[in-house]
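Consider the two complexes below, in which chain A is the common component and chain B and chain C are the respective partners.
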Partner chain A sequence: MNEFVESKVRLRWPEELRSSYDVVIVGGGGHGLATAYYLATRHGITNVAVLERGYIGSGNSGRNTTVIRANYGVPEAVRFYQHSLELYQRLEDETGRWIMHKEKGLLWIAHTEMGLRAERARAALNQAYGSDTVFIGPEEIKAICPQIDLSGGGRYPVLGASYHPRGATARHDRVVWSLAEGAMRGGVEVHQRTRVIGLQVDADRILGVETDRGFIGAGTVLLALGGQVSTIAAMAGLRLPIRTHPLQAFVTNHYQQGLDAIVASTELLFYASQTARGEILIGAEIDRQPSYSYRSSYGFLSSCAGRALVLLPFLADLKVLRQWTGVCDMSPDYSPVMGPTDVQGLLVTTGWGTWGFKAIPAGGEAMAALIATGVVPSLIAPFGLDRFVNDRTLSDRGSAGTQ
Partner chain B sequence: MSFTFDGRDISFAPGDSIAVALLRAGIHPTGGGCICLGGDCPHCLVRVDGVAYVRSCQTTAAAGMVVESQAGDPPLPESTVQAPVEVRTVFADLVIVGQGEAGRRAAADVSGEVLSFDAGRGEEVIGIYAGPMVIVRTPAGMVHARCQRVIVATGAAEEQPICPGSDLAGIFTQRAAEKLSSAGIDLGRTVQLTQHPQRFVGEGHVTGVILEDGSRLECDSVIVDLGLHPRDALARMGEGLEIETVGEAAMPGELPPPPLTGTVCPCSKVEVSDLDSVWDRGFQEMELVKRATLAGTGTCQGGVCLPHLRSYLAARQSQAPSAFTARPVTRQLTMSEAAAGFDLAPFRRTSLHQEHLRLGAIMDRFGGWWRPWRYPDVDAEYRAVRTAASLGDVGTLGKMLVAGPGAVELLERLYPCRVEDLKPGGVRYALLLDERGYVIDDGLICRLSDTRFFLTFTSGGASFAEMWVRDWAETFGLDVRILDRTMSLGAINVTGPRAKELMNRLGVSDLPGYLAHTQADVAGIPCRIIRLSFTGEVSFELHHPVDRSVELWRALEAAGSDIDLYPHGLDALFTLRLEKGHFIVGMDSEYDSTPRRLGLEWAARLDKADFVGKQALLRTNLIPLNKRLVGWEMDGPAPVEGSILIHGDAPVGQVTSSRFSPVLGKTVMLGWVRLEDDRFPEEVQVDGRVARHAAHPFYDPSGERARG
Partner chain C sequence: MLFLTCLHCGLRSVEEFRYAEIPTVPETMTDPQAIDLDRGFFRTNREGEVTERWFHEFGCRRWITVRRDTRSDSILK
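Showing the complex of A and B:
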């Protein structure tokens, strides 16, 4: 047995679908399951079904690069992600399950005067809104991550960084399973292999969802799926401001621990960390062409490896093990979209782009509160769909780790 | 000929793989586990010359190699000097992967240009990508093969035994045993198995087998012939592409009996009991079992365990699950092999790059260009602009010629300012908005004639601007010609109170007035002279053929040698423009910066018939403003750009630009501030000090010096 075999979580699957639930959550990924978890554990709402077309966590929840951070570039986002980061810190205690949460510290490296300016501004904003990010120079960077080539291969000199000491990673699958188990224990039903093929709306009010296993009535429907969210929302006549792009990543074989920090460079557009199991996990920016394709490209592997080696040349001889692709729902302002829609009873949590994993607990907690109370929690009020109408967008491209 | 293994000399025969040479010397490369010699299992992984996870059965032994056993996870390298990896891109009609019997037969059947690769020759195909493109790792470097069609003839992998003792040395697959025997290696007393035994017996090395019926056979080696499973990872990876799978790789493969006990996944050390444990707790999908145990996620990517996992699940479900997704890479390559052939995008250099270096400039990258950040005498840069004359390299600006009968209409509809009333010879500053009414760029409109215009854009925005203008011209269906001149024209900004004098000295007597332009020779070089001011002093932008830049720069330098002329870089320019309150797109503006938020309402003429962004502005102008970019000043040194504006105890905004102004003797800033009921605090704290709102321009608000 390896030490990473999941040894505690117990998942209970219902056989039959009921004809209706108080709440139907479309998408058995992190956000959907976290919402179900908090509905059950905080609000006692358990007449809930989570519908998943594949297996739980089969979408982006099981494909992301597992970074937890709150070093965002707009106040509303810093507050939200900081809360999420703190919920993550407590999640193992709360669920009694090991999610392999590990605080590692995250370096965002700057290579130009403009880069320095951006990272200094990030540190200032983070501190003002309650997240711990400091600006540091090359010597401190070297102390935190001795493997970094400060000359940046001669072309991308390391001039400074914003350092986010609370930056962490956790095993994505285990987050999904812990939340699923907690929700199930509370009485929530999770139905795998159940595909939504329609949304039934009458006079601007949601009635329920059509699935490949029949119709399910629901007072509240939450769209918490990734990838196809705009096509599903369109079934209720909603047009979401979402464009879906592939995002790729790769891991190497496993090695002894040694890369302690999470290293990222917005100019070189990659980030790297070492998993608990010892793989070096490297990701980069989204593919430019919108697509639902999960096919990995060699162009990505090649350029991402090349860029990572500029800063981390000690990885040169590491063996690439596996590459994969997820699809990211990009909002126009690179911030998530959470809240009600024009269809009564139909809620969305989407626009999770490349930053969905780190938001799972806070996003789920807030959506559960919204479902339970009917009131949008102040933490997520700025992230509503109405911001695009009200000229209150939350542009945070510089924090997305993509471009 | 020999190499070393953990310090011990191992001699080898020509053609031996490392694994065969080790086995010849009586050494199991990893200490134990069934040897396949087919590249399918993790039982021969070693470190070769410092590189871990090398399949010794796929690597030909070479004299002097340093081979080490790889027990457990190898250490990360401390630092690595990257040896360049050769890359060849080849083109063919057909690529055949695998040169076993099926692969050879496929090759004989086709016409056209055919390339074939075979792992037996050290050519490991790591993946098939869209194209199709086949990526191959060869002893001579990487091969990127682009083709019309791929035939996958990768054959079949032999089933590995799953039972206690399967991690002993001395267990071989049938094919491995044949290879060893033809290499002249004696396996001693052997037992041949066609069914999974109850267990293997021995300490370190197998000494016997206990069969299913409980009988025990003594031996030195065991040869297992348990069945074949298609080696179909490449075929599955290539689904949807032009791929045909032939031979053993295409056969369905029979599932083995469900594993009962022992190690199922040797890479991740997953036991049957682990599968039972997660299965019993609800992990009842192939992917969930895989993810919960990590079975199939190690080096061999399911090469050993996949058939057994499928069988395990099949026994507990109504039907056998399909294989899990085949992802690249099927054979491993190092990161430097992956990176081979990839080039980082180059940064652009202006035609004056060498001049800046000659003058001792510190260069930095900005907007995709190398630009002088500072020259050696920083104070002289600023002083020259404010008190004498200075040169700035602005060749990075986006530059575009738009001409044709539709030019006026195009620009009227593209820009939020008026264009029609601009006279030939006139210059107008303009914002560029997107459909949301957000500022995406700014620059100048210079009218050359009724139907010809010269436009400038920001350095970082130039390539986007070209796409933008062309797209809209196409959308509007207008009769215009568009020529991007960003790379063909250099530009030098001659600025300072003595700029006119400098121009006169170079033979230009008829200088354009403020916000006007003219075509004239400067030091004999044809220039479009545009009079404007970003620095706050009299300024002439000299746009000229890029091959004359150095000549022009040197002529200007020589002409100003007696009047304290000194060039200025970006750092000084940022101070100079901030004193004038000019914002910089992307530095001071944000994604959602409307003209109103930037305090530039005058730049968007809502009384115009239409322009890109007008509808959005008409709508959003009715919404109360929530933030504005305004000017601030404070005593003492400039705080860090990005500092927070604090009012009371609460953050109310953020500084975007902040410089100490030598001429004003105080710090001037631009910063975003939140508005409530259209008001914002006049006094805030920045960096623990008081900052006051101040109208900008901070310097020469009436603009007399610029017009001078």
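Showing the complex of A and C:
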């Protein structure tokens, strides 16, 4: 038992839609709800509606593998994700809700000379920009995670790893609910089963959104739509540097012994961690084809499970319980896209691809500050749409859970 | 997992292919600089029927053209 058990999340759903709001946020995932939460709690802006076509967290925010880390590959990203990681550490105190946040430490294993170089470089870059990552050898790896087969089945010997002690996980639904509750407590309206079907623009200025419950006027509209962002943005004539790809994951049944660390391998293309229920949760790379299909495949399952088994042979005794898919908004440089667009009053937070769960607090905080002040916070300034026009892309394969 | 029919090799897993979008720059775009940028970074990302190219990298190393519905991944004639 703990202090949080008795305080159940209370979601107060509004009945009526008003005809207009100062701010309309399209998409009730982590990023939309965090923006609403910080608008209410940090800026006192509460004439805000979040519109969600299904239920909150029904997109990628309720489908991800919940890894929180800051061991990224470019300075701008290390700074941004480190800030987000720190906001997550305080989120339970701030919201008063238990999000099951747990620091586990993340091992990123190298099996080749090239892999070693990549992990050494990751550790050096992270340290230079204020995130805690160290390079360690096989003995230390074994001490942190005794289950790892250091011989890698003979073909993938474990030569070293970068170790990120602050790597953590948190329960995704609880993150979504806590932010929604906090936003609603502050006066924000969150409308589920409200689908946006059009954007109304006049002379390059946003006027509001068309929904299946009628037109809603708004001074500011934020698109926080995950994989669906291109379809809606196109309704305002906007083209985005986004391609939608499915990403699959699966969990096994309960593993008694306990896997403490989060384990990732670029060369084996998978990562694994243990959920609070004791299941082993395994993820990998996106499906190759751009697609909006939520169908999971046996091909993915068998190939990913086979690779995970090489490093974690104990998995052979477990059974697969569930497999599922989300559709991810992939940017060409594997970095997020946050900020204003060419349409006045229309903002986007996208390009969250396979890496945006960890970014929910920092992304929401920054987008709320932008909406409240009209100024792009310096932490997210490098991640604007203008970077593609100004030749300032931020190529960062460190975003993907397996790179 | 998606399977594609290569004209030369038959039905093969998508894992053998490399994807290539056919760039669809809007006709209203006339500035050459803007067109280059759009081809480089911006995507139509259509939710529906698309025509696309795939390179049979781990096969005959030839190109095929595929019509597909991105909502269901079903291959169209």
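The rule we apply is simple: the second predicted complex is superposed on the first by the 389 of 403 C-alpha atoms of A that agree within 3 Å, B and C clash if a C-alpha of one lies under 4 Å from a C-alpha of the other, contacts with A are read in each partner's own complex, and residues count from 1 in each chain.
By our rule, a contact is a pair of C-beta atoms (placed from the backbone, for glycine too) under 8 Å apart; a residue touches a chain by one contact, two chains touch by 3 or more.
Everything numeric in this text was worked out from a predicted model, so none of it was measured.
Asker: A:E113 contacts which: chain B (first), chain C (second), both, neither?
Answerer: First partner only.
Asker: With both complexes superposed on chain A, which partner does A:I45 reach: first (chain B), second (chain C), both or neither?
Answerer: neither
Asker: Regarding the shared-chain residue A:I99, is it in contact with chain B (first), chain C (second), both, or neither?
Answerer: In the superposed model, A:I99 contacts neither chain B nor chain C.
Asker: Going by the contact rule stated at the top, is it chain B or chain C that touches a larger number of residues on chain A?
Answerer: B
Asker: Who does A:Q289 touch here: chain B (first), chain C (second), both, or neither?
Answerer: After superposing on A, A:Q289 lies in contact with chain C but is clear of chain B.
Asker: In the superposed arrangement, does A:Q192 touch chain B (first), chain C (second), both or neither?
Answerer: first
Asker: Answer with first, second, both or neither: which of chain B and chain C does A:V9 touch in the superposed model?
Answerer: The first partner, chain B, only.
Asker: Figure out whether A:V158 sits in contact with chain B (first) or chain C (second), or with both, or with neither.
Answerer: Once the two structures are laid over each other on A, A:V158 reaches no partner at all.
Asker: A:T231 contacts which: chain B (first), chain C (second), both, neither?
Answerer: So A:T231 only meets chain C here.
Asker: Looking at the overlay, does A:S297 come into contact with chain B only (first), chain C only (second), both, or neither?
Answerer: After superposition on chain A, A:S297 lies in contact with both partners, chain B and chain C.
Asker: Show me the chain A residues, by the header's touch rule, that chain B contacts in one structure and chain C contacts in the other.
Answerer: 295, 297-298, 393
Asker: In the complex of these two chains, what residues of chain B are touching chain A?
Answerer: Of all residues in chain B, those touching chain A are 50-53, 72-82, 127, 129-130, 133, 135, 144, 240, 268-271, 273-274, 277-278, 281-285, 287-288, 291-294, 297-299, 301, 327-329, 332-336, 338-344, 364-366, 373, 570-571, 587, 590-592, 594, 620, 623, 626, 640-644, 646, 651, 654.
Asker: Mind pulling up the chain C residues that touch chain A in the complex?
Answerer: Residues 1-2, 13-15, 17, 19, 21, 26, 37-38, 40-47, 68, 70-73 of chain C touch chain A in their complex.
Asker: For chain A, which residues are in contact with chain C within the complex?
Answerer: These residues of chain A touch chain C: 228, 230-231, 234, 239-244, 287-293, 295, 297-300, 332, 388-389, 393.
Asker: If you look only at chain A, which of its residues touch chain B in the complex?
Answerer: 1-2, 4-13, 54-58, 62, 75, 111-114, 117-118, 120-125, 127-129, 147, 155, 173, 177, 192, 252-256, 258-259, 277-278, 295-298, 301-303, 305-310, 313-324, 333, 390-393, 395, 397
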